[in-house]
Amino acid sequence: MTDTTATTPVLDLNADLGEGFGRWRLTDDDALLSAVTSANVACGFHAGDPSTMRRVCERAAERGVRIGAQVSYRDLPGFGRRAMDVPADELADEITYQIGALQVFARAAGSDVTYVKPHGALYNRVVTDAEQAAAVVAGVLRAGGDLPVLGLPGSRLHEAAARAGLPVVAEAFADRAYTALGTLVSRREPGALIADPDAVIARSVRIARDRSVTALTGEEVGVRARSLCVHGDTPGAALLARRVREGLEAAGVRVEAFA
Amino acid sequence: MTDTTATTPVLDLNADLGEGFGRWRLTDDDALLSAVTSANVACGFHAGDPSTMRRVCERAAERGVRIGAQVSYRDLPGFGRRAMDVPADELADEITYQIGALQVFARAAGSDVTYVKPHGALYNRVVTDAEQAAAVVAGVLRAGGDLPVLGLPGSRLHEAAARAGLPVVAEAFADRAYTALGTLVSRREPGALIADPDAVIARSVRIARDRSVTALTGEEVGVRARSLCVHGDTPGAALLARRVREGLEAAGVRVEAFA
Amino acid sequence: MTDTTATTPVLDLNADLGEGFGRWRLTDDDALLSAVTSANVACGFHAGDPSTMRRVCERAAERGVRIGAQVSYRDLPGFGRRAMDVPADELADEITYQIGALQVFARAAGSDVTYVKPHGALYNRVVTDAEQAAAVVAGVLRAGGDLPVLGLPGSRLHEAAARAGLPVVAEAFADRAYTALGTLVSRREPGALIADPDAVIARSVRIARDRSVTALTGEEVGVRARSLCVHGDTPGAALLARRVREGLEAAGVRVEAFA
Amino acid sequence: MTDTTATTPVLDLNADLGEGFGRWRLTDDDALLSAVTSANVACGFHAGDPSTMRRVCERAAERGVRIGAQVSYRDLPGFGRRAMDVPADELADEITYQIGALQVFARAAGSDVTYVKPHGALYNRVVTDAEQAAAVVAGVLRAGGDLPVLGLPGSRLHEAAARAGLPVVAEAFADRAYTALGTLVSRREPGALIADPDAVIARSVRIARDRSVTALTGEEVGVRARSLCVHGDTPGAALLARRVREGLEAAGVRVEAFA
């Protein structure tokens, strides 16, 4: 008799949602919600107005998709993609504010915020910046509830979260090239992005089943991930997310939220 | 033997706090917190950055001062003083967002948001605008917890709140002139503002004890109020608030929060 | 020998351009610039970031399209569609600021701002609100250069502009229904928007040639316009604008900027 | 007979003005305008609303004080004090936008923008960051008029400006400690700020007459400056600025704008 829970690979699918602002839209939230198990919802600092936040929370709750706070630098004009030297105290408070603003909509929808994931430049910064990583963790702690922190394995953010007793959840990227060291190839380098949908699906399956990916330079490198990030802000993104999910399930991977 | 609870007048003192933004400050929050029993905390839409919100919540909690969400139109450049034709759905969501953002700081400080009060142009608008009043109430309801709504007695806001089953709390103004009908004299008219501190204190005591005030035109008019608003954004405001409190207590009024 | 200039009808085609912000886009600026003769460029208050403003000005200048300042209430979250009670002094200064910010890009591109047109809720407000109309005119005057004001004929804005000695340019809408009085049918009423492209083109030609349009209630009403507004923010908008221009030219109308 | 122009030291006094926003005020603009010869006017990105910009320009023009564009990162919540990794193209456009917005008010007041000075974190960043320095210069160039760039001598900003053919103006700080190398002691180190007004005045005179200052470590170091920056955002700042000016004039220094 086999213990299937031990042998069935499990993976969460997360995507950024609600990244509009006022009149402007970016993501096809409804289509993405039919593909992912975790929704990183913009909280108003890089994108996300209150009405969009409410709608995304309501629809995520209806479909049983987990709601995470996609926290960012305060930078609407730059979409949170410009790294900022925010003092640690201010950054922590800005994180707490965003989580609180999302919690009220998640709870009104009968759900809750169940994890936190930094966005854009903040995500990249806290891979290596210990001070900002600690500030993000301080902001999460103040929001209460020991929210898991979704991010890059080995990042300063995960170190700080683990030290503070917060659960950490490792994520991988099926549409990004990896180096032989298992880190992401910079977007600025050639070959950094995997555009071919079939390749993205194949890589997703390998990450889930083999915990491995082929580096840009040809080596096999280990990649441990409980969640896979699919991008939502390009044309065809929702369709690709749907195909990744189907590919994973066809390969015997259980697609399931982590919390 | 007398039942003092029946005969001792009770009044809450509320003031606007945390009305700075980033580098800028307006109110002397610490001094005001030593005078009032309820703090209307700005939530980021007309004033109030996350760090200011955190600090005000922490200090209010330490002193046992109640924390209320001072909700506003989204208008930092105009300090929430420009009436806006916001669609009802958007306005409701903006109210919910602000309450949620404040709740997380209030709870982290060991307290909670215990009431809601509109600010500035929104306060004035919902005296007569039934649609926006209903939108504010919808936003409060969605935040959960049946939060009391502090406002002008007889306002559309209070009507809508009462209809929705929310507690309403009536407030009066000791430094504003009243008409013979018991409404406020417009700020634009001469005599609308009472500048003399002793007059403000005497009016406060009369509102608490006699439920009455002398109108600008000389008549005695009834004013029922469970809370008295003292202004915090003028020089000497904190000192005047302190003197009003002492004057009320010296006159046998129990100064106590309403919730 | 005939004087063709006297008999050939002339019409300007204007559209809103540059209505993105940061990451977000709304209008297909390049396609619209191949159709219109006047570009109403967003100046940062309801839409329009500096880089978008620069690009639109450069491309408009290359194509000989006139550049106008599309001035708005300061309301990014509401896209300038929420009427605001802005004090006249502040509103005038906000108008001046927007014109100045656009001028520097227009001039750097070898062109200039040659007219002003209010956007959204401000456009509607100054049809009837004399105080805000005067404030807009005051803001235009302060920017210097006696800039023509593009707007609804008979509006308070045009009255105030004419009184101040500014040129006024009347515009009409080929995709909006008119009342028997020659005013626009409110967007909220059925039939207010003309969706059929062929009808829009036919109405454009009639406005240009006959200075007339069929009202929603069937009457023929006079419409005088030197400029025709085509909408740019719907799918297919640029294509429709192109077809309107071709339809006008095929009907012998000279499509030409007004300034 | 002596050539006094050759021997009389000349110094400009510059200060940051108009650093309020909406309801909030920071600087006593009127008092500062009676002391300085050059006003660095906030343009709306870290501070400065349109009405404040207009008023400061009008009063500066009345008093013959030169108007400079105090350009900043787009960061109202952080008052432009948080360094940002803004892409060079966007940064250049943001600089141009701010200059244009100020020009329209300066010209309406019968004056003009006659120089540019970066604010806060941007000022510090372009001391060493060649890419952002070049972006600022590109933004200034696009605004036209070959505007002089006020900044730290030896900075990357001055190098880039000089390379582009823009005039550069060196400034010194009388209330900041210098290292033995002639650079500023970081604000975070003890002794970095000179609080004693008499010491500030004495240092101002030495900078003007001797082109020298005593370093924190005791050495005499050369400081060449055509402009001296006095701070405007502390209590007593305007009074100190006035005393610095009187001290300079009493010591035979001609206080005069540079442009």
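By letter and in written order, the chains are A, B, C and D; residue numbering begins at 1 in each of them.
Note that a contact is a pair of C-beta atoms (placed from the backbone, for glycine too) under 8 Å apart; a residue touches a chain by one contact, two chains touch by 3 or more.
Since the model is a prediction, treat every value here as computed from it, not as a measurement.
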Copies subunit B and subunit A - interface residue numbers shared by over half, same or different: same
Counterpart interface for C-D, drawn from B-D, A-D or A-B and sharing over half of its contact pairs: A-B
Intercentroid distance (Cα basis), subunit C paired with subunit B, Å: 43
Centre-of-Cα separation between subunit B and subunit A, whole angstrom: 40
Touching two or more other chains - residue numbers and ranges from subunit A: 49, 77-78, 90
Contact set on subunit C toward subunit B in their complex: 74-75, 77-78, 82-87, 90, 121
Contact footprint of subunit D on subunit C as seen in their complex: 44, 49-51, 53-54, 89-90, 93-94, 96-97, 99-105, 107-108, 142-144
Subunit B residues touching subunit D - in the complex, by the definition given at the top: 20-26, 47, 49, 76-79, 81
